[in-house]
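First, the structure itself, so that you have it in front of you.
Per-chain residue numbering starts at 1, and chain names A, B and C are given in the order in which the chains are listed.
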Amino acid sequence: MDAGTIVAGLLTLAILSFLYRDNPVYKLAEYLLIGVSIGYILVITWNNTLMALLFEPLLSEGRLWLVAPLIMGLLMWGRFHRRTLALSRIPIGFMIGSGAGVAIPAMLYGRTLKQMSATVMPLTDSSGVPDLAAIVVIAGVLTTLAYFYFSREHRGAFGGVARVGTFFLMVFFGTTFGYTVMSRMSTFIGRMEFLLTDFLRLTH
Amino acid sequence: MARKFPLAVCFLFGVVMFLQYFSQHEAARAVNQAILDYWQIVFAFTLILGVFSFARNNVTEVRRGRDRVYRIVGLAGLLSMPVLALIWGIKADTPFMWMFENVQAPMQSTVFALLAIFVASASFRGFRARSLPAAVLLISATVMLLSRSNIGGFFSDVLPDVANWIRDYPSMAARRAILIGIGLGSLTTSLRVMVGIERTWLGGEK
Amino acid sequence: MRRLQARHYTFLGLAVVITVTMLLNIRLDTRVSPYTRALHDYIESLPPGSVLMVSFDHEASSLPEIRPIARSVLRHAFRKGHRLIGVSLLAEGTLIGYRLMQETAAEYGRQYGSDYVYLGFRPQYIAAILAMGESIRDTYPRDYLGRPYDQFELLRSVENYDDVAAVLSIADGSLTTHWMEYGQARYGVVVLGAVTAAMATTYDPYLASAQMHAMMAGLRGAAEYEKLIGIGGGGARGMLAQSSAHLYVILLIVLGNVAYFVRRREGRRD
C-alpha cells in the first residue's frame, strides 16, 4: 500500500470519528483541511490566473493597460486599515456594477422570459384532447407564483389558489429531498468504497 | 467622496456592461472583453486577500494562545501548499498534487459524506406526515428514492416512469415558479444597485 | 465511554448496510433513464473530431459522486474521437479535472495538444463564461501549465463558442445555471449537464425550456451511462449499496412515522 493511501485512510477515519463525538483528532484534521484548502486556492489563483492574465502579459509582453486592474486589485487591500478602507470600495464598485450590468439582461431574458415562454404551451393536442402535462405545468407555475405573492392576503379564492401552490411546492421539495438523499448516500458510499477497497483491502 | 466615487464607478460600469449587451460592434466587444478580463483579475486579488486575512487572524489567535496547536496545524497546511508548488510545480505527480489528492480531497469528501449520516438520522427523527402537505412531501420523496433503486419488478419497471412524470411536470412547475421569482428579484436588485438605491455593499463605515 | 444514543445506532445501521452490500460485490442491471440516454445520444451524434468544452464546476467534497459521472462521459467522448478543452470555474475542480482528463485520455491513447488541452481555472465564473464568448484565447492566453495558447494544434482553430460543439458542465452546485443564462442565452452555446443527484431538480426547468440540451445526474446516472457505453465503472459498482441505502432511509422514515402515530394515538387516549 502506498503512503498516499495510508495518509488518506487515516485522515478519512479522523473525520469519521466525529460521528461518535467531537474530539481532538477530528479537530486537528479539520484545521489541517482548512489550511491546506486555503493554501491550494492561493496557489491555483496565483499560478493559473494572476500569472497568466496579469503578470506575464504585463511584464513580458508590455501590455501596460493591465496596470489598471493591478491597481484596482491592490486597492482591495485597503480593507485592512481604517484610513484606507474607502479605497477598497472602488474595485468593489467596479465588480458590483459590472455584475449588475450583465445580470439585468441575463435575468430578464436568460431566466425569466425563457422560463415564462416555456410555460405557455397548447393545452390540447390537434384533435382537442386535453394535454394533462401542459395543464399541470401551467397550473403549477401560476399557483406557486400565487403562493409567493404576499402583497395580497391569502384568503378566499386567492387563498385557495395559493394553497394549491403549496402542494406543488411540497412535491418539488419531496423530489429534491429524495435526490439529495441519493447524492449524500453516493458520497458516503464513495468514501466507504475507498476504505474497504483501497485502505483495508477487504474487497476488489 | 468616499462613497460617491465608488457609487459613480458602480453606475458607470453597470451602464457600460448593460449597453454592450445590445451591440455587436467590434469596439463594444473589445470593451466587453477588457472589462471581463479586469473583473477576473480583480476578483483573483480578492481571493488572495481572503487567504491573507485567514493567515492574519490565525497568527493573532496563536499569539493569544487560543486553540494554539490546531491553528498552527492549519497555518502549516496553508504554508505547505505554496512551498510545494514553488519547489516542484503544479503538474500531475508532484508533491502539490499528492497533497491535494491524499490530504485535501479525501478529508473534504469525508466531511461531506457525514451529511449522509445526518440525513439518515433526520429521516428517522423529523420526517413526519403531520399534515396533508407534509404527507405529499413524504410520498414524493419516497417515490423518488424507490424509483432510483434497483429492486426489480414493479419498482424498476413502472415506478421510474411515474417518478419521471412527477419530476418533469408538477415538481418542475414549482421550481420554475421559484426561478421566475428569483429572476425578477435579481433583476430589480441589480437595477437598484446600479442606480445607487441599494448601497449596502458600501458597508456601514464612512 | 459515553452511552450510545439513538443517532449512533442510525449511523451504525447505515454503515453496516453499505459495508455488507459492498462486500457482496453484486452488479445490478440498471434501467437507463431518458435523461441519461439523451446526453449519451447527443455526444454519440456528434461527428468524430468535434470540439467539446468540459467545465469542471465542482469542489473536492463531491468527488466520490462526481468522479464516476465525469469519467463515464469523458470515456465516451474520447472513445468517439472528440477533441476536448478542459476548463474549471471553481478552484477545487481544477486539479480534479486535470487528473481525470489525463487519465481518461491515456486510456484511449489521446495526445495532449491535438486531442485535448487543459486550460485550468478562472475566477469569477460569470466574467469567465462571458469572456470566453468573445475570445477563449484572450481569456486563457496560456494552458494550465503556462504554455501559450497558440502552441496547441487543437486550440489554433478555436476562437470562441462558435467553434465549440457544446459545453459539458460537470457540476455539484448551481454553476451550470450561469452557463445557460450567460453562455447559452447570449452566445448560443449548447449546454450539457453532468451533475450530482442533489442538483437534478434544480435544472429540470432548464431542460424543459431547452436551455439545457441534456443532463445526467448522480451515481445512478453514471451507472446508466456506463451501461450505454458498455464500460463498467464506479457507477455500476456502487448501485447495490446505493439501492440498499435508499431502502434503509425509507425504512427509517416508515419507523419514525409509525412511532409518531402510535404516540399521537396514545396521547389522545390519555
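Just so we're on the same page, a contact is a pair of C-beta atoms (placed from the backbone, for glycine too) under 8 Å apart; a residue touches a chain by one contact, two chains touch by 3 or more.
Treat the numbers as computed from the prediction; the structure is a model and nothing was measured.
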Taking each chain's C-alpha mean as its centre, the one farthest from subunit B: C
Among all chain pairs, the one with the most C-beta contacts: A-B
Separation of subunit A from subunit C, taking each centre as the mean of its C-alpha atoms, in whole Å: 14
For subunit B paired with subunit C, centre-to-centre distance based on mean C-alpha positions, whole Å: 16
Subunit A and subunit B: spacing of chain centres that average the CA atoms, whole Å: 3
Residues of subunit A whose C-beta touches two or more other chains: 19, 37, 40-41, 44-45, 47-49, 53, 95, 98-99, 102-103, 105, 107, 111, 115, 118, 137, 172, 175-176, 179-182, 184-185, 187-188, 190-191, 194
Shared interface positions of subunit C, touching two or more other chains: 11, 14, 61-64, 91-92, 95, 122-124, 127, 130, 144, 186, 197, 200-202, 205, 208, 218, 220, 242, 245-246, 249
Interface hub residues of subunit B, defined as touching at least two other chains: 21, 36-37, 39-40, 43-44, 47, 90, 100-101, 104, 108-109, 111-113, 116-117, 119, 123, 138, 141-142, 145, 148, 167-168, 171-172, 175-176, 179
Of subunit A, residues touching subunit B in the complex: 3-5, 7-9, 11-12, 14-16, 18-19, 27-50, 53-54, 65-66, 68-70, 72-74, 76-77, 79-80, 82, 85-86, 89-105, 107-108, 111-112, 115-116, 118-119, 133, 136-142, 144-145, 148, 165-182, 184-185, 187-188, 190-191, 194
Complex contact set, residues of subunit C against subunit A: 2, 8, 11, 14-15, 18-19, 22-23, 25, 61-65, 67, 91-92, 94-95, 120-124, 126-127, 130, 140-142, 144, 146, 180-182, 184-186, 196-202, 205, 208-211, 217-220, 234, 237-238, 241-242, 245-246, 249
Subunit C contact footprint on subunit B (complex, rising order): 21, 29, 32-33, 36-37, 39-40, 43-44, 47, 89-92, 97, 100-101, 104-105, 108-109, 111-113, 116-117, 119-121, 123-130, 138, 141-142, 145-146, 148-151, 156-157, 160, 164, 167-168, 171-172, 175-176, 179
Residue ranges of subunit A touching subunit C (in the complex, touch as defined): 19-21, 37, 40-41, 44-45, 47-49, 51-53, 56-57, 95, 98-99, 102-103, 105-107, 109-111, 114-115, 117-118, 137, 172, 175-176, 179-194, 196, 202-204
Subunit A-touching residues of subunit B, taken from the complex the two chains share: 2-3, 5-18, 21, 34-51, 53-54, 56, 67, 69-71, 73-82, 85, 90, 96, 98-104, 106-117, 119, 123, 133-134, 136-145, 148, 165-184, 186-187, 190-191, 193-194, 201-203, 205-206
